[in-house]
Amino acid sequence: MDIAVKVGILGATGAVGQRFVQLLEGHPWFKIAELTASDRSAGRTYEEAAKWQLDRDVPPAISRLVIKPTVPDINCRIVFSSLPASEAVDVEARFAEAGYVVVSNSSAFRMDPSVPLLIPEVNPDHLELVRGQSTFASGGMIVTNPNCSTVGLVSALKPLHDAFGLQAVQVTTMQALSGAGYPGVPSLDAVANVIPFISGEEEKLEAEPLKLLGSIDDGEVKQAAFRVSAQCNRVPVIDGHLLCVSTKFGRRAAPGEVAEALRSYVVPESVRRLPSAPAEFIHVFDDDDSPQPRRHVDLGEGMTVSVGRIRSCPINDVRFVVLVHNTVRGAAGGAILNAELLSASGVLRSAS
Amino acid sequence: MDIAVKVGILGATGAVGQRFVQLLEGHPWFKIAELTASDRSAGRTYEEAAKWQLDRDVPPAISRLVIKPTVPDINCRIVFSSLPASEAVDVEARFAEAGYVVVSNSSAFRMDPSVPLLIPEVNPDHLELVRGQSTFASGGMIVTNPNCSTVGLVSALKPLHDAFGLQAVQVTTMQALSGAGYPGVPSLDAVANVIPFISGEEEKLEAEPLKLLGSIDDGEVKQAAFRVSAQCNRVPVIDGHLLCVSTKFGRRAAPGEVAEALRSYVVPESVRRLPSAPAEFIHVFDDDDSPQPRRHVDLGEGMTVSVGRIRSCPINDVRFVVLVHNTVRGAAGGAILNAELLSASGVLRSAS
Amino acid sequence: MDIAVKVGILGATGAVGQRFVQLLEGHPWFKIAELTASDRSAGRTYEEAAKWQLDRDVPPAISRLVIKPTVPDINCRIVFSSLPASEAVDVEARFAEAGYVVVSNSSAFRMDPSVPLLIPEVNPDHLELVRGQSTFASGGMIVTNPNCSTVGLVSALKPLHDAFGLQAVQVTTMQALSGAGYPGVPSLDAVANVIPFISGEEEKLEAEPLKLLGSIDDGEVKQAAFRVSAQCNRVPVIDGHLLCVSTKFGRRAAPGEVAEALRSYVVPESVRRLPSAPAEFIHVFDDDDSPQPRRHVDLGEGMTVSVGRIRSCPINDVRFVVLVHNTVRGAAGGAILNAELLSASGVLRSAS
Amino acid sequence: MDIAVKVGILGATGAVGQRFVQLLEGHPWFKIAELTASDRSAGRTYEEAAKWQLDRDVPPAISRLVIKPTVPDINCRIVFSSLPASEAVDVEARFAEAGYVVVSNSSAFRMDPSVPLLIPEVNPDHLELVRGQSTFASGGMIVTNPNCSTVGLVSALKPLHDAFGLQAVQVTTMQALSGAGYPGVPSLDAVANVIPFISGEEEKLEAEPLKLLGSIDDGEVKQAAFRVSAQCNRVPVIDGHLLCVSTKFGRRAAPGEVAEALRSYVVPESVRRLPSAPAEFIHVFDDDDSPQPRRHVDLGEGMTVSVGRIRSCPINDVRFVVLVHNTVRGAAGGAILNAELLSASGVLRSAS
């Protein structure tokens, strides 16, 4: 389509960069025009520079694109960033200053008060925060999606927060290997083992939900008031983070009410119609032993969050299990959905 | 040694039965005299009937033993039982009635008020409960060890219970495949997957700690008063259950105090000298990413419980990770230690 | 479509039965009308009786079908059989006698002289053998597809057999867990291990290629004359059998000629147009480390066979690696393609 | 012991370096006096510099040793080298020139005509080659052990070569992750996958056996005359390379004769008495599905080579499966055995 918006991918050769390439193939609104990577890769074709990890082939048109350095001198309106946080803090700021719309999967700006941290089905109203960014007048802005585990947790918490209020959330994660990128976790650490530590992960999972479920008040996010305790583990699974959650509500609620709240949660029509929004935002399992990462991670093309084993907790109110596709909903897919939300809203037009 | 006590193994061909065989080889006090199994196996040699799973060979003398049916007509004083609970409830009772000392790994009688549920380093005084068993006068009795995850949890909780009191314990487990026996979990369920459910496991993990940490009062256990919430998962690990724990104490305690309480816990001298007691009951790791099942499960020949990542909890007081060898400390090794405790105490003599 | 042919699945609840259900959903020519299983499952709905293993949901219309016993009294023209060989030998014969077209994945009749053993891209002319079956006049017949490893091997050998002749084939397989069905291989045997034995597999892999690459002579198969040596191993992979092959040809051929023969092999137009035929029958990889089961098994929706690492052999002529999706191309997908070949040919019409 | 020979480990922090440390603990003849590593690690204690991978703790005395740079200025007589080949080619030569005895696990000098490539049970007479090294007069020399897969293959071939002669050997390997060192293979490549390629491995496996089974003639190795074809794969196993072998002999031999030749192979008494020599050099399994890496890799403390599934081959004479512990027998353990052979022989004395 001629009217497709040109997009670029910053850090296109990495694990999340590859997911961006895969998920943007045939996208109805966006067309990959630019790929950037480190200086080492710049000047080579994507095919030469990227060690492709995913199970479908690289789209042929993309294979032949020549990679550029990651500097704000590329021909596109929107850039998807999968840069590591340490680089993103400078690079993304520079792109925003140069007038690009930066849709970032990095953690660098997630907790910045003027940067929206978005799950379109959860807090689309937070998008308005971009208007407070200094670069907004000249068309530049940054929006972010949450940490890959946070997305799963908050997607399941949102309907419960609305219905019952939240006081405390205990979560233990079992996270997939793809969350560490490539080469990521050495196989001698991963095979037949669990590593009870992921650097920086617990901090993100304890902070981000409070912003995501906060309310917009006078152009600022007023953070939600509950507490989160997170314990994060790496398990030998390819894709799909599994979370065991126990929640204490503001008012008592039985497991049946929780299931009902999850099932009846209404995603705003404007979000439901976005191209990457799944038919079902939250899938609730009734059987004993679901969701399971390998079997259920691809529900809704990886954009559906699954919840199961909803039952009461001897200490808090209700316990359940959450599954989220960490590199689709939790990374590239979530970012693309954010870009769609941005495109469908008036924000882009009012900024340019 | 001529004076070794003759022991039998009920259900000797199964996964835990094989661990009993392995761990009793060369035992200074006990000598395997009898092996029993289902009628299908009875009459065959152990070598013919058992599909040996462990990484050392079957001791040759045991290979040639002929398996008997599991009826109380075998020539030994002590029987180790690794029968499934559904069978154990009848069979173990019948052995006790016939005057055998039944040292059971089964869950059948664990919560029976007159049956001691024992971790020798934790509650050796509970052994006295056997005197209340109706079969005691004629020499028959039943003692039990806890569920394989419970052992790890309670070993770590005991010093904290003593030092700070316990109010609430949240635990999420990641349990090894060997916990399900053989053939156990189908590989298509296990490989690159997590199953967020283990039948009956959460109930045991929520009930048994209260008995184990209870006090003996007038010949009965007065259960401890805290609450446990357990969420149990099966992960693709061979041996070693890993537990993420968050504890709320009766009085505030910092992570450093918790580490100190664990390190300075004193195991009674009489227990420390038992042949199967490890040099170190609890090993505390200081580094970020330990304990790990594959790397640390064999500490203390599988009898040491490991604790790591001791840190404060945003909701409760302190969080930590526990690792326990599920088929050694959590099953056969724990039962053998119970039998040693029993033998070293005056109980056996007073009963016979 | 009203004119869709009604089909039944014998043994519909097993691993291959489930693949039949999955792959036949939305099939343009066939419509599942009947499901059968063991007496234990008969009378229950498919949803109740089948422990669904695959990563897409059961098609809803199929979920509610009531399972029937596996007897030739069901309402359909074609039956797909995924029965174990021991049952198939009787049951399939009875269905053929009753006038059903039996498209079997079982090994029971594969080497029967009057039963075609088919890979449509390889030996579609063998279909004619059915005319020699005693039940043919009354419309009943049996056609079979090869063992799941054989399909991969013979697909790669066919172009080489045509071009250079074959004298000897050494093959070592590394086979996926799904090849053993469900529950299949216990996880304690599979995780972080290789089992160097699969019962009956080597015999099939040494015999079936000779029939498949044989020529039809006067209504009979004249077996091909080369020798096969197969060594079969089970590895911890979910789907996809990988084969290391070394071939000795009738006339010398260099690796480049082998690659060219594989790439230029022409599948008959009539076969290429069948609904389940992949766009690419054989995919040849040029890079060093492909094909790999987890990354490439789904090429061509699991119907493409991959070949890589074509290089010369110090002993024979040329070596290469083959990958085949064992439950799609190697089982249900291969059988469905056979049924399509049968439907598109004149055989069905001339039989009924 | 005071008279223990001081040894150093070059590249002590890597995977094989760690095995050297582990296996040399408590060695009756050798005492670790020096550890070297890259300049980055030099100056730190071993505990600080090495990310310890093995399941027993670092011996405390070693933990506190300060690492030195890898230059020939350390205080010991023998150095064990686990350097990568690219470094070893210079560094080992320099150590030999400086008068050290270099016992190397590297491939750098394996095929050098004046360097013995040794398996003590197989070709101890090759040790004599060191006398031809230019540095020998001044006490410096290099001896090497073979590639980790080669050791397994040649250990099994030696008795057959002696008994029946060898014409051709087809071998397909399934190699453990530890063979690639640490961090080695990324987990995303390894989990639930097979990689049909290991750089440089097939070449070594095709060349080294001919030197190992060659005869010493006038101070030089006359290579054996058979051909080897090797196909190498990486599988998700921790330790233990498994090899599927098919052999063509000089004279026909039945499987029973092969088993007998393996079982009756006599290791020279002088080798059998070396401290690291296993009680059983080759273990022959009779059952269907052995050896298996996870179950049998530790036979003989990792120094025994296992053989199973001995059966006839439709193309060559006899087929079988071999298992070897790749980091013990195939690396550090094999090198230590070489050093023991060297120490027990007169070579060291005549050189110094």
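The letters A, B, C and D name the chains in turn, as written, and every chain counts its residues from 1.
One rule holds in what follows: a contact is a pair of C-beta atoms (placed from the backbone, for glycine too) under 8 Å apart; a residue touches a chain by one contact, two chains touch by 3 or more.
Everything numeric in this text was worked out from a predicted model, so none of it was measured.
By the document's definition of touch, common neighbours of subunit A and subunit B comprise C, D. Centroid distances from subunit D, each centroid being the mean of CA atoms, peak for A. Set against one another, B-C and C-D show the most C-beta pairs in contact at C-D. The distance from the centre of subunit B to the centre of subunit D, with each centre set as the mean of the Cα atoms, comes to 41 Å. In terms of their C-alpha centroids, the spacing between subunit B and subunit C amounts to 48 Å. Each chain gets one centre point, the mean of its Cα atoms, and the points for subunit C and subunit D are 43 Å apart.
Multi-chain contact residues of subunit C (touching two or more other chains): 53, 189, 191-192, 236-238, 294-295. Because contacts link each chain to all the remaining chains, their graph is best described as complete. Contact residues of subunit B toward subunit C in the complex are 15, 53, 177-178, 182-192, 236, 238. Across the interface of their complex, subunit C is touched by residues 168, 170, 172, 174, 189, 191-197, 199, 206, 227-229, 231, 233, 235-238, 242, 244, 246, 288-295, 308-309, 313-316, 319, 321 of subunit D. Across the interface of their complex, subunit B is touched by residues 53, 55, 191-192, 238, 294-298 of subunit D.
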